[in-house]
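Here come two complexes built around chain A, the first alongside chain B, the second alongside chain C.
The block that comes next holds the complex of A and B.
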């Protein structure tokens, strides 16, 4: 049982790193990116093929090196960022909102079918596999899981510290200004593309890093493991925790991956309908997204408001009202203000 | 008022498909002046602003700002030369606090480096804290101090106008272009905006105001440029233009036609 919980928590930890990366792109920068799961998958593939050694027929894949695990992860992250720099350069140049999402969706499915069908790359449909031991065989199989969980927690903690630091920095403030109104940000001298692009690459790098961790967790990876639609579970996690708030995003990842993805495995499926359990899980996650959007759209821990340092009083009464998504006033016509509005 | 030109527009034209929005427009804005840009709806005033600030690319013509040819430059590049423009509706950064809106307005790009934000986070935070006193003075001035920690999206329309002026004052531009700052503004706030424009001038900024409110233009501006059908038809002091036939025709329609 302990081992089971360790496994679940390890998974939640790894997806926490991924969610922090996706939140940089969506939460901070406002770009609803759908290709991030491909960056995660690429991170997994690269890490595996750089650590398990030469491919033996009929299995085939590129590279087939035997690098130390940590070095392989670093290279995987570099490869993922390089790859994201191409997609980001195309998608972020002039496309925004739904057009950006459509472009990244097209990219991720193109990559998906390429990986699935072009076997010399990552062995196509059957995927790559082969166990490797990041700890170099110094630990027993059982102890390995606990140590690896601790390692993942450490990585998540370090990533969280860096992301939180960046989030509260002048850079994080500027990224959000560009998100809220990029024309106004350009008027005040901000290079909109470059700001979004750098944030995008940071997010992609974290996706690659989480892929590197996941590679050591599973040891085998094929296209069935990474349907691009899986990204919506991560968006659910970000939404639940709090878009734009790193602490909330980590919390949301644990809630969604432990509470929904894993716990729903206990939903009994009748023998005749084995697909019922997984289907119910998807339905529950969909329901979770809808309920969150209805009742608490900024998540459990909403994005932190940059203040002048004095404590902002928050009462329980404002807990719900404060986070309502206000309509964008620019969509309405500007109307004359009553005189009292100015004096307030 | 000095005689050096800060903005020179020469033969500027822009057509959208078959529609000529700006047609061989030529004007010069002198440094330190407050210039009203007026004309009937569709005269091309907003299009000229878009062309000057880099949001649209002219079909032909030249724009020199502070001695630099800015045609083909991006809006942010032009802004870094010292030009700030506004839009017809206030464009606050809605999910940033009021004080953060002003902080971003100050445009300290050096402080926003990705690398320094990671490596020197504490120093940057201290710098921000040091500025707070100064910024609060500025916000007190624009009656925003009480709401400085609120999300900007919740502000009233009038407060958003004032926030826009606070941002501009923090940015200390050489040229400010205001696109209909009086749109949807009540008379009391109108007074305050007129004052804000004079303060911008005092702080060393040249100001161009696009506005339909002619009494406001008369009171606020040193000089007026009148546009009609995409080009400049008159430029001079307001009282001189009152009797200018072309200007009157443009506004009221020509009886002879």
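The block that comes next holds the complex of A and C.
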């Protein structure tokens, strides 16, 4: 039982880092990025191929180095950020809102099919694998997993501190100002593209970092078992926790991840229908996304920032009322629709 | 040279199906201002409905096509009633995320209902025919002819009927159409019924052309539809038709010289080029602007 909980909490911790990364792009900057999965997967791939050594005959992949784990993760993050700088430059230059999402959606599936079919890169749909032990085999199997869990918790904590700090810094406020009104922010001298671009790269870097952790956790990765739909649970987690609030995001990813794994464990999955359990789980995630968006779009711990960037203290009286202190710009305004219709 | 012609012929067949799917997608956008990520699942539902019609009820090709159309239409109306109208006062991005959730739900319902293994129709493919420089089967020709007929029907619907007129009005400004006495809600619902019917039919044609159906076939086709619609002009049916034909040809010609596995990669390249050069769409007059939906 202890091992079971360690495994689940380790996963939740790793995905917490990823959720913080996605939230920087989606929550702070307001761009719903669907290609975060690609950065996560690239982080996993890069970490694995830089630590397990040369590829043996039927398996083929690039690099095949044998670097120390931490160095490999650092290089993986750098590669992911470099890669994100290309996608981000295309998608953020002058596309916003749904056009941004469409572009990132196209990007993630294009990359997915490229990796699946172009075997020399990461061994195609068979994926890469290899057992490696960052501790050098000094620990027993169980002890290793406990230490690894502690390590992941430490990383999540450090990332959380960094993100929380950044969130309240002038930079965090600038990103949100650009999100809420690009034109006004530009009038006040902010470079809209550069602001969004930097946030995007930070988010992608965090996604790559969580990929690096995940590589050490599962030690194998292939496109068939890890479809881009696998991380939709994190969009649900961010919605539950509260977009734009790092504390809420971490809370949400633990609640949703642990909650879903636990809840769906008891769904019977007969041997004849092995897909039943996972499918029901995905359906619940879809429902959760829709219901949260409809009834509580700001989440359990909504993003609330005062004008000076400090967190607004809420008294217990305002706990149940949604927008007494600051109107939430994302749920109160009805956007005027642009007039571009069917040509007559 | 002959290989090129054959691939252009195949490209036309794909383009015909793609045209239907992306026109349905663009009509949904036109009346509801929603990028419907569950569009691919409507296609898949059409394909599976026809499969049920064939294996469980032993119907022929034409009855199966009607079953697919009806199933798609019902799904479209259900999506509009249950989801899109509920999110009408929210930002387009929220609606997009909600349709992403709906896509997840529908796809997994199909997975539960039909299992993950692929199934296929048993309709006869017919003979190979040389038509000019092209090489088609009888079935491919039927697919293309029916697609052209449906596209013609959509044209007549948009230009010659009262619903078409109301649809165009609602797509330009829903509030203004409403105060002019057009029952906007009903028009939107009817548009979704039409779009769903067209998608269900397109899904059936697609399943018939590629041979196997899985719960995820709509997924890849959704991306192609989006690319065609955005490349041609989102929300504009005729521009979207043009975009679909161009994309179908580009994919099949490029696929001939690389590999058909890279179809989506090529489509994404096409999308990026279009978005960088002319984000409004290639068949829409006017300067390239920063696109905000």
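Heads up, the rule we're going with is that the second predicted complex is superposed on the first by the 299 of 344 C-alpha atoms of A that agree within 3 Å, B and C clash if a C-alpha of one lies under 4 Å from a C-alpha of the other, contacts with A are read in each partner's own complex, and residues count from 1 in each chain.
Note that a residue touches a chain if its C-beta (ideal position, glycine included) is under 8 Å from a C-beta of that chain, and two chains touch if they have at least 3 such contacts.
Worth saying up front: this structure is predicted, and the values here are computed from it rather than measured.
Student: Identify the partner contact of A:32: answer first if only chain B is touched, second if only chain C is, both if each is, neither if none is.
Tutor: A:32: touches chain C, not chain B.
Student: Considering only the touch criterion stated at the top, classify A:303 as touching first (chain B), second (chain C), both, or neither.
Tutor: First partner only.
Student: For A:217 in the superposed arrangement: first (chain B), second (chain C), both or neither?
Tutor: In the superposition, A:217 contacts neither chain B nor chain C.
Student: State whether A:282 touches chain B only (first), chain C only (second), both chains, or neither.
Tutor: The second partner, chain C, only.
Student: Considering only the touch criterion stated at the top, classify A:198 as touching first (chain B), second (chain C), both, or neither.
Tutor: first
Student: Which partner does A:173 contact after superposing on A: first (chain B), second (chain C), both, neither?
Tutor: After superposition on chain A, A:173 lies in contact with chain B alone.
Student: Can A:190 be said to touch chain B (first), chain C (second), both, or neither?
Tutor: The first partner, chain B, only.
Student: Considering only touches as defined above, state whether A:102 meets chain B (first), chain C (second), both or neither.
Tutor: Only chain C is touched by A:102; chain B is not.
Student: Under the contact definition given at the top, report the residues of chain A touching chain B in one complex and chain C in the other.
Tutor: In chain A, residues 330, 334-335, 337-339, 341-344 are touched by chain B and also by chain C.
Student: Mind pulling up the chain C residues that touch chain A in the complex?
Tutor: 30, 33, 35, 37, 83, 86-87, 89-94, 96-98, 100-105, 107-109, 111-112, 115-116, 158, 167-168, 171-174, 219-220, 223, 226-227, 230, 235-239, 259, 261-265, 267-269, 271-272, 275-276, 279, 290-293
Student: If you look only at chain A, which of its residues touch chain C in the complex?
Tutor: 30, 32, 90, 93-99, 101-103, 105-107, 109-110, 113-114, 116-117, 229, 232, 235, 273, 275-276, 279-280, 282-283, 285-290, 293-294, 297, 330-331, 334-335, 337-344
Student: Mind listing the chain A positions that touch chain B in their complex?
Tutor: 162, 165-166, 168-174, 176-177, 179-181, 183-192, 198, 202, 244, 303, 305-310, 312, 326, 328-330, 333-339, 341-344
Student: Report the residues of chain B in contact with chain A in the complex, numbered from low to high.
Tutor: Residues of chain B touching chain A: 53, 55, 74-76, 79-80, 84-89, 91-97, 99-101, 103-105, 107-109, 111-114, 117-118, 121, 124-125, 128-129, 132, 135-136, 143, 146-149, 151, 153-154, 156-159, 167, 171, 183-189, 192.
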